[in-house]
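Pasting the structures here.
Okay, so subunit A shows up in both of these, paired with subunit B first and subunit C after.
Moving on, here comes the complex of A and B:
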């Protein structure tokens, strides 16, 4: 790809998010979603390998189908209610179609199977962008779908995601598929947070991005695609191996890491709102996914490789670890940051 | 005396003893599955006759009902198979082995059941004269043998001939889906063979999403010594090169180790004559000392970034 064109795609993706954030008309939201999809597709095929092209085609087909459903839903809403603003639409077929389309775009259960196949075919960097940044447009649209009927529907999908994400990742040995199912599980929490309050959803999303970025980057640096490779990470590069293990513990929502506080925040609001059933279902789903998070952490932190080799050799050191390590350390000072903030008098 | 029995069979009226089940032939009453009453001893010819007679016989109501519900029964069986596969995958009893293994034996040819997992092909399918067989040797190993013949069949289309191949059978999952093998924890393919001095080729077929990828094969050669001693062959996955329909591709890429459909051995060294290859086992290993990811040049697709360097005002290059 030409080095002069590639920044354009990044700019287009940012513009798509800004377009969605600043508009309430469904046509411009659709435009923003499509712009984001079309700008992201060339980034997926950056390395031009057959696996990445396959993943890109699958991604494009699903996104195009969802966009078509979104547009059709908007037309139905406008045709039946003569209202074009999403905020004012009171639950109808068109709105349900729009919600389903956004769920498909995000990879929310039960439309989550494409995420696994697509992420498996990509490298870690585009996969990271897919699972973090590409969620923003869909979440922006979801925060504007705010009627009672839609809340129940969205919360149902939100409850299903952690369960299916947990069950799907149980038998996985491919790390990328595991991360896809993990992302699906977190998406359930995200959507529940967005339904309850937009600020809550944004906070949880920010925490999820901070947790995920170092995990993806370290896995990319370790070039680990299978659990067996993580087993040997402690031998090749103990610092990165340990930080990946801590990152996965944080993703699993274990205290005192940062990942726990996102869930704690959401659970507090759910209990305050007497949504105990939803809280219990989310916790059950998280417990299931905690099983494979602990498995990965066990491999990274406890198991030593087959050979005891000098770890101080220069060729074993990998570059660009300072920034990433700092982000992982943030996991461990989450107790200070978030716990201290929450203890402040109201 | 006319009775109901005599009305059913005229033979009875004549005093001939007939079968009380079908009333069609004389002799003792036959079992339900043996209408000809041969006491269970059926010859092949009789089976053919029975088959023809069965086919010609109009189908009974029970048969028609069974045939009507057969697709539903097959679907239910496939659903059960799929549920069983999903449960086995989630339970994952082999997870500890998968997480901690450094090597795995794929095929250890010790009995007919191991040989049955492979199939053999040669140019005989196209009209050629090569022959290939895969049997169990007296040492309890796989014995791939036959004759390669370079004579081109005279069909006006085929230009080359003389190959023999053995390939593992495609593993099937529920609903006739293809099941792949996952070699991503490993980086070396191991073989223990004893050959005849000829050159063979290991081929691996991966699952392709597009139809243009369905003929993709990753290949590498191995050379046999021809002596009585066994050879241990180690081929890293990084050495396999991509071919499609027998042609080496310009745009090379490494083997997608997580979606291998079949592994095969091919002989096509343009030599007329017999061949013999004995295979003890095939396996994969993780070799920590092997750091190479891919051995072949990959063409960069797209314009490269130009380095902006200051050119001197007076350059001797322009003279």
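Moving on, here comes the complex of A and C:
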């Protein structure tokens, strides 16, 4: 495939998000979702390896099924109640179908198995795009749906996601599967945020992107497919190994790092809305997933091979340094920054 | 007092960037220099003082802040020996971890806002985890680290929800205010109270949630043990004092359960200590027993209880830290902590066994040690709560005396084992280390006013 085509797909993916953001009619949303999927499919098979093709087919089938369900749900609600604007559909069968379709597209809890399989087949960079940018269209639909009174359904899925994401990752030794489960756990928080207030969901999403980008990029750099590869990272690239470890702990939401801020923010609003049970369930799920974050960071930071490290910290030799290390530094001091900004005189 | 915390941040950076030969010197001299701003704290008693942005210190936080600042150079002093063989970058990270940990502790003790306290409280987890799992001796250290993290986190996440809930209802998390009477007396307050103190009870630890502590102590390197026994456990006592001072009698309704567990813990831990064969785990279990009395003192909710718990915490911080140092000093020479393998040390190291002697006596609260003072005052408060508690407390005191004697007798008396041939002598660094623990412990006998 000619590399000059890739901007076309990028533009198409952006347009799909713009289309969804700026419309309230379900047909245009469906159009946006389909456009995003179709533009992403060629990127998934960029290197033509058999694993990638398999992953792409899985991705395409699930997305196509979800899109058909979305379309059908839209037809049902328009046909029965003559409503085509998504934020006015209130509690009929069509809305439930649309919600299920979006949940399937995002990979929310009962439908999260495809994400794990697809991410396992991909390289880190397409995987990163799949787990970050490709969530945007679905979330945009959710922010419109979440304002309706039927949000209990979404909250249930949102609670289920961290629990299943946490439990699923416990026995994993494949780094990419682990990242997929971790993204699933974060998705639960995100969806709960979207339901409470769309701005919260978007803030949490931005935080998740900031936290996970450096992890993906450093893992790509280390070419770590299995957890054992990470154990060696401290030997030949100590800086990257350490930064991956810190990135994982930040994803886990431990307080000195930025990851805690998202949890803090959402918990504040959950308790404010008297959703205590939800808050506790989310936290329990996060605790479970913290177990595997901790395991990964043991491998990156703590476990020593028989030899000592012979090379110094080569900060300057990491390529992509400036942006990515900058993001990790943001992980480390981000909480202080947020605290400082919030204390500024209004 | 922001400059104190900034000083620790600067010291972390200094340790990371300084040249090779200066890492330990920068750490030690810097941490001693940081005691200077702390001397300002000591002048202020019984009042809320040194108020600056988001930080304050009063009589509750004073002693513990000074204790954590005091222990940092001692930790560095104690861990020099086993770090010399490590590569430079690991030495930097090791010293940096300890300095960061102390900075977080100072921030926790001096925060004027409960949420800032919570964040600092949680920030101490990561450097401690690094100390335990990275520099521990055996491979069981991973299990110990995971236990440590998960016990603490499971306890402390309800605390976060409770704090946020309080902020939503009352609109403030300031430590120095009294919120008594803001909540109406209802059964919900009980849940709130339990959620608030659960984190601290796990951290102290209370009997029943103490399983992480002996594991962590046995696996941790000497610096980790010192800071765990010296200050980190006290974080729990401090937090409990703060929360209960804020809410007063309103929230103390369901404390009976924990008081009972604490009393039971004193006795059981005494019994468990008597059948330990490992020096470090004996000292660790004795910490649990002593901290049970702190729980008792605080949860009675009377002034005597608080004062006793405060004195006991500081006394125990110095004594148990020194006992760990002494155990480690033997461990570095003989590579064993087994009690049956370490007999008759008085024949090998006569002068250091004076340290063992004094510290064992202080551990069993012999007069005129400050431990005795703390224990007596806390016991009076507990007796006032329920006269029957005297049974458990006296039994506990007897068992404490018994295992302290057992510790001293097993390690110092008897025949020296024949297989120790080339033990190198105690260095002046180690004498200094022991002395710097002993001096404040003895000095505080004459100046109890410093602590309450």
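Everything below uses one rule, namely that the second predicted complex is superposed on the first by the 326 of 346 C-alpha atoms of A that agree within 3 Å, B and C clash if a C-alpha of one lies under 4 Å from a C-alpha of the other, contacts with A are read in each partner's own complex, and residues count from 1 in each chain.
Following the convention adopted for this analysis, a residue touches a chain if its C-beta (ideal position, glycine included) is under 8 Å from a C-beta of that chain, and two chains touch if they have at least 3 such contacts.
Fair warning: this is a prediction, and the values are worked out from it, not measured in the lab.
In this overlay on subunit A, subunit B fits alongside subunit C without clashing. Residue contacts after overlaying the shared chain place A:249 against subunit C, while subunit B stays out of touching range. In the superposition on chain A, A:197 makes contact with neither subunit B nor subunit C. With both structures placed on the common chain, the touch criterion links A:227 to subunit B but leaves subunit C unconnected.
Once the two complexes are overlaid on the shared chain, A:42 sits clear of subunit B and of subunit C alike. Shared-chain residue A:10: touches no atom of subunit B or subunit C.
Once the two complexes are laid over each other on the shared chain, residue contacts for A:268 go to subunit C alone; subunit B is not touched.
After superposing the two complexes on their shared chain, the closest approach between C-alpha atoms of subunit B and subunit C is 10 Å.
Judged by the document's definition of touching, no subunit A residue lies at the interface with subunit B and also at the interface with subunit C. Residue ranges of subunit A in contact with subunit C, taken from their complex: 238, 249, 254-256, 260, 264, 267-268, 271-272, 276, 279-280, 283, 287, 290-291, 294, 298, 301-302, 304, 308-310, 312-313, 335, 343. Touching subunit B in their complex are the following residues of subunit A: 1-3, 48-51, 54, 57-58, 120, 167, 170-171, 173-174, 225-229, 231-232, 295, 299, 303, 305-307.
Those residues of subunit B that touch subunit A in the complex are listed here as 89-92, 95, 98-102, 182, 184-185, 208-210, 213, 253, 256, 258, 286, 288, 301-303, 305. Contacts from subunit C toward subunit A in the complex involve residues 53-54, 86-90, 104, 118-119, 122-123, 125-126, 130, 133-134, 142, 145-146, 149-150, 153-154, 157-158, 160-161, 164-165, 167-168.
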